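Labels run A, B and C following the written order; every chain starts at residue 1.
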C-alpha cells in the first residue's frame, strides 16, 4: 500500500464537519423527543381495546419497522410535498421522518414493557381506587419507562446513526459535509475515516455511559 | 391531485429484477456474515486478549457507525487502500457482510452466555468429554437459542441492503428511484417499492416472534 | 470432626480410627473417605472448615443442616464440580480428589469421577434432546457403548420408572416430577457406584414429591450407596441408614437416623430438628 495519507485536508476543514455534526445532533435530539413522546402514545393505542384503533396503530408500527429507513426518508422527501401540497424545510422533514421511524421502534419497546408490568400491579392499582388516567400516569408510565429504558437508549443511538441517511436527500448533516469534503479535497480515506470516527466515538461513549449507569442502578441478583 | 398506480405495472419487470438483485445480495451477505459472526462470537469468548480485544474492536466499530458511512468507506476508500479497482458489487458485499458479521457475533455471544452453569455441571456429572460437551450440548443449544435473532438479523440486512442503491447498485430501491424520477410519479412508485419491502419483511418478523416463543419454551425445560 | 464433640462422635472416631490403619479382615474398605475438607468462595467466605467423613459401601447418608452450612457444597465437591482449598477424598480405596497445598489447584481423577452420579435440584436435562437421547448421550460418548444396546437399556430403565411413554418426548413436555425421574435414570445409565442427590425435590410441587422419592427408595432397596441432601425430614427418616448434621462447615452430629433425628445429643442439632419439624 503506497497511499500517502494527508490528514491536513481534514484538519483544516474541521469547521465544515462541526457544522455538519451540529445538524446531525439537532436531528437526533429532535427525533428522539418525537420518538419518546409519540412512541408512548402509540404504544398505548396498540394495547387499546378498540379494534380499529389497535389495528391501525399496529399497522403504523409494523410499516416503519418492516421497511428500509432509506425508503421511508426518500418517500417523505418526495411524496409529502406532493400529497399535502406543502413546502417543509429539509431539516424539519428529516426530523419528521426520523422521528416517526423512531416512534415505531420505541412504541414496540414501550408495548413490551407495558405488557410485562405485572398484572398484580394493575390489580393493586384498581384496588387502591386509581382511575384509568391515574393508572396510566402513576403506574404504567413509570414502570414502562424504567423497563424499556435500555431499549429506548439503543433505539436513540440507532437514530443518531440513521440520521446519516438524510445526507442522501441533501440535508447538510455530518455525512453530507463529509461527502462534499471528500470530493472537494480528493481525500476520501481521510475524510470518511474521520466521519466514521466521529459517529463511532459519540455512539460508543453514550452506549458505554448508559451501560455503566444501568449496571450501577440495577445490580443483578447474585 | 390524482394518482395512477397502474403506471407502476408498466415497470413490473424492472422492479422484479431489482427485487431479485436485492434478494441475491441479501442471501450472499447473510450466509457470509453469519459464518463470520459465528467465528467472531467465539473469538469474543476466547481466553487470550490478543484474540478477544481485536474481535471486540471490530464489533464495536461496525455497530457504532452508520451503515451508510461503512458503505461509502468501502466504495471510495477500499480501492485506494488496496491500490486497485474493485467492482461495486464486491465493495457492497464486503461492507454488508462485515456489518452482518458484527451484529451476528453479538447474537452468538449472547446465546453462548445464556447456557446456564447447571448445564455444564450436568455434563461434568455425566463425565462427558470436553469435545462431546461442546458438540452435543453447548453448540446445539446455542444455535437453537440464536436462531430467532439470526432470522431477525436477516430481516435487518434485507432492509439495510436498500442502502446499496446510494452507491449505484441496481437493487429494488435504485430501480424504484430511477422509475420515480423518470416518470415524475414518486408517490405511486415509491409507495409500491415500500410495500414490496414490507410484504417480505413483515411476514418474516411474524415468523421470528412465533419461532422465538417456541424456542424459549423448549429451552426453558 | 470438631474437637469438642462428646460421646457419639468419639465413638465414630474410634470406628474411623480402626479403619484408618489396615482394615481388619472381613471389614470392607470405606467407599468414600473425606479428609479435612476446606473450601471457600473468595477471601472471606469459608463454607467447609475441615470436614471429614467416612462412608461405608451400602450406606445411605442423609446430610441435613441449615442453609449455608455446606451441605450442597459438600455434594458438589464429591461430584468433582468444585475446586477445594485443602484436604483430600479417596473413593473405593483410590485417590480421587486432592488439593495441592502450594499450587491452589485441585487434582480430580476423572476416571474415578465417572463412578459417581449426581441429580440436581433443577433437573438439568438437556432441553434440545429428547428423553431417550438425554439418557444415551453419556453412555455412547463416554463409554463408547453402541447406540442399540444403550437404547435398549434406556427403554428398560424408563419402563421401570413408569416413563416408557415419554421416551420420544422433549423435556419441556414433562412435569417436574417426570423430569426429575428422567434425571435419575440418566445418571443410572452410567452404572454409578455412588449416587448424589442434591435437594432433588425442593423445586417440585408438593404433589409431585412422592413419585420422585419413590424412585429413590426403589434404588435404596437395591443397596445403591447414596448421599442425599434434603429438607424433607420424613423422607430422611425413611431412607437414611445414617444421618449427618452439618452446620458451619463441619459435621456437628453423625449417627443412625433414630438418634440424630429422634434424640439428638447435640444442642444445635436438637434446635434445628425442632424448628424444621415445627414448620412442616
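The rule we apply is simple: a residue touches a chain if its C-beta (ideal position, glycine included) is under 8 Å from a C-beta of that chain, and two chains touch if they have at least 3 such contacts.
All values derive from a computational prediction rather than experimental measurement.
Under the contact definition, chain B and chain C share no contacting chain. Seen from the Cα centre of chain A, the chain whose own Cα centre is farthest off is C. Here the spacing of chain B and chain C, counted between their Cα centres, is 48 Å. Chain A and chain C have Cα centroids separated by 55 Å.
Here the CA centre of chain A is 20 Å from the CA centre of chain B. Residue ranges on chain C touching chain B, taken from their complex, read 76, 79-81, 110, 113-114, 116-118, 120, 122-129, 137-138, 141-142, 170-172, 174, 179, 186-187, 190. Those residues of chain B whose C-beta lies close enough to touch chain A in the complex are 1, 60-61, 63-70, 72-73, 76-77, 80-83, 155, 159-163, 165-166, 173, 177, 180, 186-187, 190-191, 193-194, 197-198, 201-202, 205. Partner chain C is touched in their complex by these residues of chain B: 118-119, 121-122, 124-129, 132, 136-137, 140-141, 144, 217-221.
Listing the residues of chain A that touch chain B in their complex gives 1-3, 62-63, 65-72, 74-75, 78-79, 82-83, 85, 161-165, 167-168, 175, 178-179, 182, 188-189, 192-193, 195-196, 199-200, 203-204, 207.
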